[in-house]
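Okay, structure first, notes after.
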């Protein structure tokens, strides 16, 4: 039973894969980040087609929005320019990518093999909306939320400390 | 009802994960390594959402939320370290980070 | 009186201990050393007196001092056993030792190891007495090893010269080869008969074994191995000539009078076993005969006065073995006694000569001493005659005739053995007079430096007396020994001669030797040197001189291979294999260490690789 | 609510709360000692509360049982030791010091959460909380190249291994529809909805994440670099608390999810254990950097514990816990010495720094020796009894091959401990020049070290009381 | 209780000796002496008090680690009593000999010496297998330090080698102990390490053999048996004199004791099956040790190989397993402890005087140190098995016993005795005899040294001439052994 949702899934998935591939292979950091945004956006679409609208939203807002902006900010701060592009080309040339590619391909093959052979019958069915998620989140997973807060606290403290410039004597 | 089998969702997650891994292993630029890790985490997230969707449970999505939080936290610290590193070494080359080892 | 028996070995032992531990002035040392042996001698004489006049029950006396050990059926005692055989040995050993000690007090006076010398000597006497008095084979073995030790110590007494040490070591090791065989014999005896008590063994053995049984033969041969080693018989005789490196009194005491006869004593003591093992007994006789001939030939060629005497000793002990082998037991013991007298005297005389001539050992550099050292000459001459067997007068002649007669008529006697013994007489006579003529007659080559004093001369005179008088007690001697060592006769004599005829033959042969020696040495010395110079003669001379090249052979057969193995094994091959193991782990370390490159991406790749492998494992296993 | 949630989670809350309080205190006024004191106080309170807290299941995520509380107590105690060491260490070094304690508390909290987790979500969150603290702690000396490099390395590898873990969890979840450990066992037992093809690879991927934190081969590559680069007290933290918390989780996961029923997983465990024992011990053989030696040694030790884990059952679990306690004591002790000896500019990590220590500072050297011998498993030390326990557990189930490998590799391992000991006792004259300047040991650090040494020996001789506690703890686990 | 004191006194003494060393080094030495003497007094008291009290002269039993069924069970029979006395005696000598030799870290030295003695005593006294293993391993560390801290040039390597060898073999024994423990549990449902309980645990032949080999490994390394011996020469070449006395003299006795006490009673069948191999190893060891001793130039190394050769007799005697050979083995152990201890002591004295352990640098010492040389000669003779000394009694009985069932082994081993001559006499020849090439003028035996050696000479002669009381004391323990195979 094919439907628009299904088509959307596959299209978005394809876009996600391609853009991700491009993202990790760009020589200029900004380009990579831009592709990554595309990837994230398409993953958001995938989420939506899988019945997870809340997550789809957050994917856009936090991943594509917050996290990647952070990356961009750093790129700008470090002022990575063409010199880096040449360097990247040099780093990326030759067989540097061959081994990792093979490794990843094997892993992928394994994962696909197991998922396919697993004959996982269940479909991606019901939409689990924000409400249910929220209920679960602040019900059984409440402690998790608290922990996440500690996680962020740690991150904040750590990042602050690490990035603070010391007045050099 | 959606006919997309869960396995396809998982496979998408797997593909993203693998691409992320490939990036992690291929790139020498630390920034792009971090990017690759984000891709891997994202792939895992996709898998979670797909799995949660299969069971019609919120747990998968909740897990995704936590991944998101963790990713954000990690990225912030990572970038802070990255900047430090760049300031010290003047490069983001992962392979020059060999003050340790050898 | 008999209870004092334990004092006989104990006094010298105590004296040895005191001499070894306490530092004493020379006078006291000499006094103590001699007095201790004198005390032993007196006690043993008293015991002899009491033994002869009031024989203990069974003509034997056992004195148990204490139980040595008692381990599940093995319970040897420290116990002494006195019977005619051990009595004779005890008295002779003690007495001769006493004389030699007395002699040594003067002979060694200039030596800085004075106290040490007497400590060793006393220890030796104590061991020898323990050996002959032991009531069980383990204690006998203790004495046996003890005399071996003292021999080692005394040969190497002048330790500063490594050659002496080597000679001592050689003596100890070669005799110990025999001892090992002896020890194995003990194991076998104990395993078979369950005891090492000599009298018990002698009683039980004939009940347990029939004549010629394998075990009996094995035991007899194993014990023979020990005897051969200690008594310097073929094939373990090589140590004795070298043993002359020790001070001359040592040679007199150990390598002539007493220790080397330990083998004789052992075989006599265990003669029951040999009776059970005719083949072994025959071997004893053959070894004796072969040794007496070979040593006799070697003695003919030696230059060193003491080495001549050494070969002579080997040869004479060969006679004793011959006697034992044929079953003429008392003859062997009798020859032991007379030999103790005259051979001790010969060495003492040699000591006087050597000391008089600035430690000159070469008989070709001596000569014309007969009027310079008259006492020495006359006593030496008497001893020489006794050795060579001057008939009717000397003790040596009596004992040798007896052996000859034994070779002809005793149970295992045969014509061949008799002839060998007769040839031996010729050889003895030849080399003895060769020696006497060279040393005391002819031209003087070296001036006299020192004249012997009373302490050295008195023992010589006493021994000279005994070398003659000793022969006349043959009949009571045989009688005395009869119970312990019965003369075994064969049905008919192997040689168609009477005892008198045999003795006459020996006397004639002796004369022949004397005349030949006179002819070659004094009359026509050029002839003898011509003989030695012609190629065949020279080769033979060299061959005999080197003791039939046995040393040469052993050196190549045993000494060098052992040293070679020891040398290549020095680094411990086994250790090498552990080093290999270490290298292996080191290799593992190197390989693994190279993975720790510090490269981030490589680390990540390993993690990914590991994961992939594990997924594969769970998937496909 | 209070009785159900607050009180049982008091040990965790106290740590979390303390971190907030310290942060607030920093906001008011920066003071090293105050931050340190508060931290110590909070940890002590948490430690004490672990004795009184009622046993309760906190929602689906956390299980506060005797087992968890035992580890919470252990972690709190270890964290106190680390804090004490860090106090002296940081006092001599540049930069702000107070954040260290906040991060320490956060990371400690993460480890504690791991110890109580009975759910994948809390596993992940605990892990992340722990990690996020660690990233910053490792790179804490931000002006120095080595810590920053170590921080980045650790971060990249930890984050990617987290991704593996997550993907694994996702697979398990996709297969079973639950992320609770105990439910997994039930479902697996019932056989419904079961596709091992998803479950087992999922478990394998989870093991990657766990194995990484535990530095098990082949996920161990980071260990020496991070140990070497991180400041000594942080290394102590990485070596003990981080691994201890993770192992507590692994044991719970292993026994509650009944992983021992899946034979392929056991094979993987065996491979990991054997590889770890070999890799750790061989790698350390000729290493000249003490921190790296300890890193390699920790790989091997985790391999030993894994043997005990795999053996399973009452004895196996007991051996795991006992060995972890032993490992905590000796590792903390060893790093305490490293910390105390470190001069201002760098950490005392070269073996040359230790040459002749016995002749200069005998007590310190003897303490270190005790730790090293304990690591080597020599009697009179807790390490010996730990190893004994493991071998006993292995023998009980007949895992002879593993035990034999354990014995062989630990003998190889003996070599490098002894190398260090040899250096410690080398005669002074040979090395005086190379030695760091003579300094006095800070009283607090000395106290920590002596307490650790005493406990090390006490438990080595009288392990009974600890065994009793451990048995009580296991009781709730199995 | 008194058994516990035996151990505790040493440990307390060790700690005290350590504590006072910095202030008053001499006191440290005296504390060690007093502690050992006190222990010796305790042991002798036990001997006098309870000598005929039955198989066990004294026992003490406490719960130690109840969770594992581990007891702190000490017990002493005649065999352990003798070995305890020997241990303390040699220990005392080790302290004496270190009087001048050890000048650094005096307190720690004595602490280690006393600890190792305590460990050895623990081995001799424990009846709980865990405690036994514990004590067994406890001997290691102090010994390691003794080699490491007060050794010669290559001490680090030797110390590590020693440690590795003994440790891996010890761990194998631990596995074996645990296997036995588990096997016993499977049969009875009781966890215990109690010796008496574990006796007669039914085992399959294979299991029994494997477990037995585990035990044997530990004992074989410590004895040391032929292919596992290489640590001993290395250690002896490097360690100080007192250490060597303990290394070669005492550690071996623990192995022999372990075989008699544990190996045979626990695994009668497996040991019987294994006996031929063990005896072959023993005989090889006897000859191999003697041969290698012959070519050594380092005196300590020479003595180490000689020890290996002698200890072959212990192994041979124990595995020949008849009343004679086992008692002979025990006697060899005791006499070897004394004579080898004395030889190492002499080597140490020579080293102290000539400044070298190399035979090549000694020659003609008799000229300058006649008493020392004489004593050296005496012990060399003891070593070559001269009758009248304890070594002879032991080796003779071993051979006599072995001969009963294993003719060939006995004969070959007897050749080993012969081989002992070579190295012993070579030692005498090279060190004492010959010309005094270096024109040395050295002090002869001092009063204290002379006294110590005199005591050893007397002891050895006593064992040689009147060993019966000693045999009587351990007869029960040793006689037990052959009965096991029937």
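Chains: A, B, C, D and E, in written order; residue numbering restarts at 1 for each.
By definition in this document, a residue touches a chain if its C-beta (ideal position, glycine included) is under 8 Å from a C-beta of that chain, and two chains touch if they have at least 3 such contacts.
These numbers were taken from a predicted model, which means no experiment stands behind them.
Following the contact convention of this document, D is the list of chains adjacent to both subunit C and subunit E.
The chains that touch both subunit A and subunit B are C, D.
With centres computed as the average of Cα coordinates, no chain lies farther from subunit C than A. Relative to the centroid of every protein C-alpha atom shown, the closest chain centre, again from C-alpha atoms, is found for E. No other pair of chains has as many C-beta pairs in contact as A-B. Put simply, the C-alpha centre of subunit A and that of subunit D have 31 angstrom between them. In whole angstrom, the spacing between the mean C-alpha positions of subunit B and subunit E is 64. One finds 26 Å separating the Cα centroids of subunit B and subunit D. Between subunit A and subunit E the centroid-to-centroid distance comes to 70 Å (mean Cα coordinates, whole Å).
Under the contact definition stated at the top, the residues of subunit D that touch 2 or more other chains are 121, 125, 128, 132, 135-136, 139, 142, 151-153, 156, 160, 171, 174, 197, 201, 224-225. Within subunit A, the positions touching two or more other chains are listed as 99-100, 103-104, 107, 110-111, 114-115, 118, 120, 141, 144, 148, 151, 154-155, 158-160, 162.
With touch defined as above, subunit E holds no residue shared between interfaces to two or more other chains. Interface note: chains touch in the pairs A-B, A-C, A-D, B-C, B-D, C-D, C-E, D-E.
The touching residues of subunit B, when paired with subunit A in their complex, are 1-12, 14-29, 31-32, 34-36, 38-39, 42, 45-46, 49-50, 52-62, 64-66, 68-77, 79-84, 86, 92-93. Against subunit D, the residues of subunit C that register as touching in their complex are 585-586, 588-589, 592-593, 595-596, 598, 600, 602-604, 606-607, 609-611, 613-615, 617-619, 621.
For subunit E in complex with subunit C, the touching residues are 226-227, 229-230, 233-234, 288, 291-292, 294-296, 323-324, 327-328, 364, 366-367, 370, 374, 381, 386-388, 393, 396-397, 399-400, 403-404, 410-411, 414-415, 417-418, 421-422, 425-426, 429, 432-436, 465-468, 471-472, 475, 479. If you check the complex, the residues on subunit A that touch subunit D are 110-111, 114-115, 117-120, 140-144, 146-148, 150-151, 153-155, 157-162, 164, 166. Residues of subunit C touching subunit E in their complex: 20, 66-74, 78, 116, 138, 141-142, 145-146, 149, 152, 156, 159-162, 165-166, 169, 172-173, 176-177, 180, 183-184, 186-188, 190-191, 562-563, 565-567, 569-570, 572, 574-575, 578.
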